[in-house]
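This structure is in structure tokens; I'll ask about it shortly.
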Amino acid sequence: MSTVLSALLAVNWISWVIGLPLTYTIAAFLSGARAGRMLALPALVLSLLAAVGLSARVLAQGPQRHMVGGWGAPLGIELYADGLACLMLLMTAAIGLFTGWYARHYFARQDTGATYFWPLTGFLLGAMNALYLSADVFNLYVTLELLGLAAVGLVALTGGAAALAAALRYLLAALAGSLMYLLGVALLYGAHGTLALAELGARLVPGPLAWTVIALMTLGLALKTALFPLHFWLPPAHGGAATPVSALLSALVIKASFYLLLRLWFEVFAPAVTIPAAQLLGVLGAGAILWGSWLALCQQKVKMIVAYSTVAQIGYLFLLFPLAAYAPGVESAWYGGVYQAVSHAFAKAAMFLAVGSMVLAAGREDIDQLDGISARLPLSLFSFALAGISLMGLPPSGGFIAKWLLLKAALAGGQWWWVVVMILGGLLTAAYLFRVLRHAFLPARRGKRFRALPPALELSAFGLALGSLALGLWASGPLALLRVGAPFAGASP
Amino acid sequence: MSIGLIYAVTGALLFSLGLYGLIVHAHLIRKILAFNIMGSGTFLVLVGLAQRGGEVDPVPQALVLTGIVVAVSATAFALILARRLYAANGRCTLPGEGEA
Amino acid sequence: MTRVLVGMLVVALGALLIWTMLGLPAPSGRVPALVAAHLNESGVAHDVTAVLLNFRGYDTLLEIGVLLLAVLGVLAVRLAAADTGGTLPPPPGALLRAFTNLVVPLMVLVAGYLLWAGAHRPGGAFQAGAVLAAAGVLLRLSGRLPALLPPRFWLRAGLLLGFAVFLAVALGVTVAGDSLLEYPPAQAGAWITLIEATLTVSIGLILVSLFVGAPAPPGEAGSRGGDA
Amino acid sequence: MSAGPWLFDLLIAGTLAWIAWRTLVTPDLFKSVVLFIVFGLLMALAWARLAAPDIALAEAAIGAGLTGALLLDAVGHLQAARRKPGKRQ
């Protein structure tokens, strides 16, 4: 038994985490929509297993370094898997699996766009896995572009003028963001002669170059993460896409650029970042929470409510930066911010899938057409409510743990004003979520017809909602994984 | 000032010009042109700055080759989206940005 | 008003960038020295090719993915049948046909030369692929490339070939126990030649597909009858 | 290093910036695209001056050639469509 285990631990999981989704993409494009659909679940399960295998290895042996081509930095590209990377990989694989399950049945119903959904999704997941594992700033640029083009392709799948405009707006924003990031890469290589994250972290010194690089890269990645007031591209893209696409984009894709920002700020920029810069990110985060929640409250279309909710929830991620700027709160802030990224992913994917089912059943997208949903789709509505608990930050949910850690950091650092923002944000979140629930609990109007849905559409959303709950009930596991190789070794949140 | 630095400075100018065009132009093809100019500027900084000492550095040269391929991919995709949008609603601009 | 504001901001950005760059000390030259030191282990004699296909081959693998994604995107955002009018060439004149007859074989030769040259001097799969694509565009303009798209099975296989071979090699060498893309030193040259040759074909096909524009998806191949 | 090649590089650099500016502000879209292709060819020259012949080849073939062809095709298509009376569907 132990030999089997040690053999499994010795497997080169990093290669497979990246290789499996890309191999699936080739198969899905080569053999067309039907094969793509049939192979999706096996490929997604294998990807999840590879992520689990890598995480087990990281838990057992500590962070893993992988020198692509055997060269090592600075000549070659290095990959690096620590607890943070593993948690993001697990999140991506789990949400990819449930969303893929949903999509199998969603696209069986309405076939437009199904042909290219599968290969594009394979690229999307492969690009995210590659991004989470890369330890080279230029290689990260290539993964960002791979991710951006795959995401835009998925948005455009629906066809129609609105989807095309949303896709173009998204594409132009993503390209501008990538080029700002790439200019930062050019300055870093020019100044320090290396592209490896670890080496750059050791060489960066405070000064005009460091500050210019920080400004360019942070601006580019904030644009890609849709941080207020750069969120203009997000609602039409996320709210207008096909439902499984909305879930993938809102839950996962924005987390990739946020993750990169986190890595850069803590592992490369740390010696040169200033407290005002961190406070500025926090102020924008606060703006996102309040403005995004307010706009969510004003929307008429259900999917747009969920999309604006993403704009607001992104704000919490950015509170991490000012909260971590003062020593007493730094650990809680870091763990809280990362936990917010993961629990928001599960809750938001569940919410988009549940809302998508409601829209599909009712045949309309407007919030006042949801009457009768509580009787017709109780499981979807329940999933929506469970996910809402996490978004509001109520116990027992992953969102509660995340916001609790952030509050703890705010109090430890004496920054009470962020507490006020978080409480206001929670109240606004409750307001827009209850607005949806209220409409859904109204009795169906006379003669209203619903489309029958395959149970998988409801069950996959429910699975994700349970996941967002489980993150609150069993938080010690993910937090233990996060601790492996965290910027503050050995400490617990 | 070395040859490398001359082109790196030019690259910074082109990046700024391109960014300006990308923001202020409403016409989609102009935005795509501006993006390409911004990209060329970035590439010049990448190679020029690394070669400011006069020594040839093959690494940034290889990175720029990769970057050029990425840029043409993005351009082709953006153009097809723009043409398709024009076919759908007869406009060459994004909604809310007006016809310029 | 917006223009003035944006203008001031980008002028400030440009000035900041230039001021930053002018203040930098001379580069260390560490990485170029490393490239030169390991060039003879890379399997090729030209340094840029060595970086592209060996030292940083992983970047190139993902970059072919970006190219494929552009094709996927173009296919996904297919134009309505009426809209392909712009990409349809006018009936070819006799001159164009004669020119094509003369030039296309020449271009194939040039592509082959560029591919071969890449191992020891400037050139390689990308430039060769681009020349092949130009030949394809010429054939297309003179009406010799009927119904290239929508992509049937074999065309899709051609589009994927370079990426698939590259990925298979990258993963294949890990099964033997080494890192991703770690060619056995003695065989590096052979693997790179295989990868470059297949990449050239795929890059050529991908670039032509991007130019030919958005066709109907494979599922509708029968009903549309070509890309017109 | 003598002043001669230096001046040549400054000339290329200045022309690049000027053509980029003209590309962005020229009212006629078709002329803009033609200027952009000229810009790409000048970029190839700049790459040659930076001792980067690989990029010069790729820039001429892909940057100026293919991107230019794609843009010309798109502009020609849009202008042809615009000349027809009524909106296309």
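Letters A, B, C and D mark the chains in the order given here, with residues in each chain numbered from 1 onward.
Just so it is clear, a contact is a pair of C-beta atoms (placed from the backbone, for glycine too) under 8 Å apart; a residue touches a chain by one contact, two chains touch by 3 or more.
Quantities reported herein were computed from a predicted structural model and do not represent experimental measurements.
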Interface with more contacting C-beta pairs, comparing A-B to B-C: B-C
Interchain centroid distance [CA atoms averaged], chain A/chain B, Å: 28
Chain B-chain C separation of Cα centroids, rounded to whole Å: 18
Averaged-CA centre spacing for the pair chain D and chain A, given as whole angstrom: 38
Whole-Å separation of chain centres (CA-atom averages), chain B against chain D: 11
Sequence positions of chain B contacting 2 or more other chains: 8-9, 13, 15, 17, 19-20, 45, 49-52, 56, 59, 61-63, 65-66, 69-70, 72-74, 76-77, 81-84, 87
Overlap residues in chain C, where contacts from two or more other chains coincide: 17, 21, 24, 27, 29, 31, 35, 48, 55-56, 59, 63, 66, 69-70, 73, 77, 82-83, 86, 126, 207, 210-211, 213
Sequence positions of chain D contacting 2 or more other chains: 54, 58, 62, 66, 70, 74, 77-78, 81, 88-89
All pairs of touching chains, each written as two labels joined by a dash: A-B, A-C, B-C, B-D, C-D
In the complex, chain B residues that touch chain C: 5, 8-9, 12-13, 15-17, 19-20, 23-24, 45, 49-53, 55-59, 61-63, 65-66, 69-70, 72-74, 76-77, 80-81, 83-84, 87
Partner chain B, residues of chain C touching it in the complex: 2-3, 6-7, 10-11, 13-14, 17-18, 21-22, 24, 26-27, 29, 31-32, 35, 47-48, 50-52, 55-56, 59-60, 63, 66-67, 69-70, 73-74, 77-80, 82-83, 86, 126, 207, 210-211, 213-214
Chain C - residues contacting chain D, complex: 48-49, 82-83, 85-87, 114, 122-124, 126-127, 130-131, 133-134, 137, 207, 210-211, 213
Contact set on chain B toward chain A in their complex: 8, 11, 15, 19, 22, 28, 31, 35, 38-39, 42, 45-46, 49-50, 52, 59-60, 63, 66-67, 70, 73-74, 77-78, 81-82, 84-85, 88-89, 94-95
In the complex, chain D residues that touch chain B: 1, 5-6, 9-10, 13, 16-17, 20-21, 23-24, 29, 32-33, 36, 39-40, 43, 46-47, 49-52, 54-55, 58-59, 62-63, 66-67, 70-71, 74-75, 77-78, 81, 87-89
